[in-house]
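In the two assemblies presented below, chain A is common to both, partnered first by chain B and then by chain C.
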Partner chain A sequence: MRVDRIRLFVQALCFVFLIYGGLTIFSIGTAIPTMACIYAENRGGSCFLYPFQRFLSMPWAMLFGSAATAFLIYLGTFFLWALVFGKTFCGWICPLGFLQDLITKIREWVGIDGSRFAWKTRDRFQWVKYALLALLILLPMGIGNSLLGLPRFTPDLAVPFCQICPGKPLIPLFEGDLSHLIIDFSSTTKLVLSSLSMLIAGLFLVGGFVKRRYICAFCPMAALLSLFDRIGFVGLKKKGEACTCCGNCFRACPMEIREIAELRDKKHMVTQDCMLCMRCIEVCPENKALTATIIGLPVFSASAEGFLKRQNKTASAGGPFHGETPALQDTATDPESASK
Partner chain B sequence: MKKRCPAASLPPMQKSRRGRCFFPLLLALIFFLPMASPADPGFLFLEPGPEMRRSGGGNTQGGGHGTGMGMQRKKEGQEASENERQADSKKTGMEEKEEKSAMKSKGKGHPGSAAPESEKGEKKEREKRAAMSHPAHYTLLLGWPPAMKAQAPEDLLRAETAILRPDLSREILTPQKEGPAIRIRDAALIQGTYHISASLEKTDDEGRIFRLFTTASMRNTGEKTDPPEKNPETALEAHLPWFSMEDLSPDPGNNFARIHRKYTGDTLPLRIRLGGMPVPDLPVTLTTAEGWQQTLHTDEAGQVKFILIKERFHDKGVNKAPITFYARAELDSRSEKHLEIIKSVRPDAGDNPPAGTEILRTSLALTVHPTPLDWESRAAGFYTLILTGLVIGLGTAIRRRKRRGRWF
Partner chain C sequence: MKSAIIKKLSAISGKKSPEAAGSPEGSSKGSPEDRVARRLSLHMAMAVREIYDAIAMEKNRPVSMTPFDTLFKNFADAPEKILPTGPRKKIGIYCMAVPEELIYAAGALPVRLCAGSGDAAEAGEALFPDVSCPMVKAATGFTRTGVLPMYRECDLIIIPTTCDWKVKLGELISRHVPVMMLSVPKFKAAESSRRFWYAEIRRLMHALEKVTGKRITRKKLRAAMDMMHKAQQEFRRLQTLRMDDLSLIRGRDAAAVANAWFYMDGADWTLAARNLNEELLERKEKGIGTAPRTAPRILLTGSPVIFPNWKIPDLIENAGGTLTCDELCSSGRLLWDMACIDEPLFDDMLDALADRCLLPCTCPVFTDREDRKTRLFRMIKDYRVEGVVHHVLKGCHPYDMELRPLEAELAAAGVSQLKIETDYSPEDTEPLRTRVEAFVETLKGRRLRMGKSA
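Right, the complex of A and B next:
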């Protein structure tokens, strides 16, 4: 069975649990490093960023006083989740990621061609998610405290990232809740933030028909999780000497990470955009060139045998191996030539 | 230097001026003296206390679901009040009671109610529970709405207050003086609706007996426990005061993640009962914090439905903060109709009602949030979303048409 199908199935299960789990099953808490929106009323678990921003908006005396224990518990829970699962959250669990993958499936089914970011554009916007992360830390801090002698920020800026996150208007829609699909006219700040939220939600929905998973390139949660790339339990390793630079991994990668094909010397391949979807391993024809590991132990490795088996199955089904790689050794799409 | 007028140039004192002031003064006395009279205590209310207000609002009908006593918001540099110091020491009314009778409640489904084995374990358990708990903190108010202050008379310390928890354990709470106010305090730990009731009896100089009753309820998202074995309706019947005013808003169900609030413009169904019997044709008055009020009469089932009045927000800018609405009803034994109602639920008393005039009053204080429809527009949101989609979609299609010669 193809990995992307297994992944889609797991994503669907996680989506149902995270959006409707609160109705019947227990909740797994509010410190999950994934975009499971807290505004979904029947949620089975929710995003870490909301309580994180709420904590940061407390006055220092309170944050490091009476709320310190609770804050540390929250941080500890997040670190534990991130350490154990790391970027797996992005590729296998995130509801917004699942929605983007669904839109991509619909696009492929309808027959609309996808686009890719030009590499220069991609590099140019790498800083955006880190800037968003810095803002979602600094803005709430300025509500409860005076930063650098500045006057305190308006409480309308509370949870600033959640106010513009596309998950806020879109995820509650699956519970029939339209109450976040609004423009708030109560203050200028609210007006700007709610308008931005609608714009980003529109961009999310329609942009998904153009590019794959492009919102993830701006996700501050990915920036947070990338802190655990090297130390996380789940890893992706590359054996440089086995790699033939065929470029299959790059062409199959939903996140369009060129380092996976370019770098032969690098051992740890979980980069800041990687979401550990394992597609690169699936399409790699070289024995043990790429390996997924859990605490250093290999769990899924690339193999010529497996590659050929999957290739034959796809060929007998009458389609290309995957939608966007009709030719496996194509110099025209080879990352090295493409980068030029 | 001021120029002084010679005495001769001053106009003579006019006697008729006194007469001009007399009538407005008399009118003011007629209208305001009964209200200001210390003899008439007014109505008894249970309003969410500062801890519940600080905790941010949410799943309560009378306040907010909180982050627990360990996370109270306090302004920088502000001295901890007696109340907060007490909260910081993780000492709640319920815990105190449990310390006294830990064995009594053992195994009743209240988390942490079982007596810990060691003192250290007990302390740890208490700290854990206090951190998990949500405040059930109510201020007792006495007077005529909406002009009521937390500066409460000492009489309120005599008020009988009780809480009925979701596990159907009932406890008598003791009102305590906290600064100028008189409050009751408990810690809500488990999931469910908590019902609080209070009653007070006062007699004035003329021998009139005032029996004042009030209720409040709050929902807590705390730890889930097994459903109680007893019948919750029966327990609630027993808990409600003799002359009760109940909020019959639909039960929000078992989803405690859902935020349940009352908004202006919503319907508020109330039921008035005396000794468990519905009171028909009784005027019930709903007063807003700004003093707007409406009076409706109960039907045969003792029920009345109000539409929560919208406050005037336009002259204050946008007000998103919750406001308190007060509902009140009165039975006066001087009225023959009311006397009959009182007699009907006191069959033992027969034709000998209590000596003197008896006035029964019941009330309910409700926290109501201004409806977001005052400042939010779903239509604008929807159109922005659609327009963004159209602009991006069309833009991409036109760009592709130019570059690749086809729309998609």
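Right, the complex of A and C next:
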């Protein structure tokens, strides 16, 4: 079975749980490093960013005083989630990620060609997610406190990122809640933010239709999670000597990460945009060139045999050329077992 | 400029240019052209028979080589039987850079025309400068004389602009056959190169559709790619079997198997290769090898080695070495790199094909040798190679250019190497034999010393 099919299935399960899980008694807390939007009434767990921004907008005295313990516990929980799962949140769990993948699947099903970022464009906009991250930290701080002697910002700026995040208007839709699809004229700040929100939601849908994982390229959560790329439990390793630079992984990568194919001397391949979807491993035809690891132990490795098997299933329409190939023993194209 | 356009158009419509020369039968019996043709056909037949006479004396040869032998014997006995018969259009290709899957998907048969006959090189010589690649000379020789009909009967010949010789080959042979040039970008790492190449592959697709009159659909391409994967699976299996401590097949025979892909139908080849692999697997279990375990393991890299030019492989193996693997576009690399079938859309599949032909290719015509170096080191490790033989055809500038830095890198890693500069003619065989024997002896000595110190 193709990894991205399994992934879509897991994503769907997570989506249902995260959006409707609250209808049962379960909830996995509010420090989840993924866009499980807090504006969804029946959520089964919710996005880290909303409370994070709330905490940060407290006056210093409070944040480091009465709320300090709560804040620390909160950060600690986030830290644990991020350490254990890291970017798998993006590839396998995030509702916004899932929606984008779903849109892509629809596009492919209809048969419309997608498009890719020009290399330059992708490289040029990589700072955006860090800028958004910085803003979503600084702006709330400026509400509760005066930063560098500036006057305090208007409370209309509260949870600034949520106000433009595509999660807010889109995710509640799945519970029939249309209330966030509005442009708010009550103040200039709100007017600007809510217009931006609508614009970005539109971009999410249109951009997502044109290009795989369009919004993820700008997501501050990814920036936050990428702090854990090196230390996280889940890893993606490359064995440069086995890589032929065939480019299969780069072409298949939904995040269009060029480094995955082109860097031979780098071992840790969880790059800033990587979402650990494992698609690159699946399409790599060289033995052990790419390997997914959990706490350093290999769990899924690229291999010629596995590649051919999976590809053969995809092509199982058979075609006019051939009957079935007898299954080979796993060692058939693996140098290490061949020499034994 | 104008004539270039005409040629291109005629290429796409599958017609020859108006000045096309007549077939060899057409010219009068005594013309010089005709004499050249007769000479070539005679000499090549002799060379082929000589090869097979020598092979007949060998012991322990896998019997599953038979279908491949039959094919190659046809070069001498029945040139018209080399290609499978049938109504399929035939598309000649000159390099690994052409995605054969596309040709199969268009319902045609790809025929790789890269030639290895010294006699044909002689027949083509007149049109080339003194020091020039014997491969293009031989191809021109065959095309000019029409001694091997397949050089004349292709409905379209696709020449990728890899080395300078191939760049000019198109013009030379377009007198006789319809040619289409495929422009290969030389700097693989740039985005513009990739986009350009994607466009070239699409141009090729349209040309193929025009020539065959058939549309290439997603389904057909999928089937063709699947067929290719089956072949690649057997190919990789063969190469992996050769990693065994025991030499299961002679390097020359392994090269012949790969060479046979040039002319056979893909599915037939896969079947024959599968039988061979089964036999080799059995031999592995029984411990039957083609060389004693003491034979030093040698890797051959460099310019292509194409039937009937078995000079170098034979020299190595007759000197007591075993040719465990090669990094040649005519054999060891031929079917290694695999494209993804599971790309979601037709467009993506074309990109996948394009990538397969360009990105992993270790041909020295590209700007840097990093990929080739990595592949060589990996092969040295996987096959436990003891010595590397560099094969440079006189006039093959790209391989020649890469040789020195590559030699230095391998030497720094402690790899023993031998450089052989030669062409297709058998003239220098004796001096080369002495050098190869000395090299093999050194490797043997090294192994003894290492064995003692270990």
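Here is the rule we use: the second predicted complex is superposed on the first by the 316 of 340 C-alpha atoms of A that agree within 3 Å, B and C clash if a C-alpha of one lies under 4 Å from a C-alpha of the other, contacts with A are read in each partner's own complex, and residues count from 1 in each chain.
The criterion applied here is as follows: contacts are C-beta pairs under 8 Å (C-beta built on N, C-alpha and C of every residue); 3 or more make two chains touch, one makes a residue touch a chain.
Quick caveat, the model's predicted, so the values are computed rather than measured.
S.K.: Based on the superposed arrangement, let me know which partner A:L181 touches: chain B (first), chain C (second), both, or neither?
M.R.: Touch status of A:L181: first partner only.
S.K.: Which partner does A:Y74 reach: the first (chain B), the second (chain C), both, or neither?
M.R.: neither
S.K.: Quick one: classify A:L205 as touching chain B (first), chain C (second), both or neither.
M.R.: A:L205 sits against chain B, while chain C stays out of touch.
S.K.: When the two structures are overlaid on chain A, which partner does A:R43 contact: first (chain B), second (chain C), both, or neither?
M.R.: first
S.K.: Using the touch definition from the top, say if A:R2 reaches chain B (first), chain C (second), both or neither.
M.R.: Only chain C is touched by A:R2; chain B is not.
S.K.: Is A:F153 in contact with chain B, with chain C, with both, or with neither (first, second, both, neither)?
M.R.: In the superposition, A:F153 touches no partner, neither chain B nor chain C.
S.K.: Where does A:L23 make contact in the superposed view: on chain B (first), on chain C (second), on both, or on neither?
M.R.: The first partner, chain B, only.
S.K.: Just chain B (first), just chain C (second), both, or neither: which does A:A242 touch?
M.R.: second
S.K.: Identify the partner contact of A:Y214: answer first if only chain B is touched, second if only chain C is, both if each is, neither if none is.
M.R.: It touches nothing on chain B or chain C.
S.K.: Do any residues of chain A touch both chain B and chain C, and if so, which are they?
M.R.: 111, 113
S.K.: Note which residues of chain A are touching chain C in the complex, please.
M.R.: Residue positions touching the partner: 2, 108, 111, 113-114, 118-120, 240-248, 251-252, 261-262, 264, 283, 285, 304, 307-308, 310-312, 314-315, 317-322, 325, 328, 332-335, 338-339.
S.K.: Can you check the complex and tell me which residues of chain B touch chain A?
M.R.: So the residues of chain B touching chain A come out as 67, 70-76, 88, 131, 255, 257-259, 318, 320, 372, 375-378, 380-382, 384-389, 392-393, 396, 400, 404, 408.
S.K.: Taking the touch rule as given, give the residues of chain C at its contact with chain A in the complex, in rising order.
M.R.: Touch residues, chain C against chain A: 104, 189, 191, 219, 222-227, 229-230, 232-233, 236-237, 240-241, 243-245, 266-267, 270, 274, 337-345, 347-348, 351-352, 355-356, 359-360, 370-371, 374-375, 377-378, 381-382, 384.
S.K.: Quick check: in the complex, which residue numbers of chain A touch chain B?
M.R.: Residues 22-23, 27, 41-43, 58-59, 61-62, 66-67, 69-70, 111-113, 169, 178-179, 181-187, 194-195, 198-199, 201-203, 205-207, 209-210.
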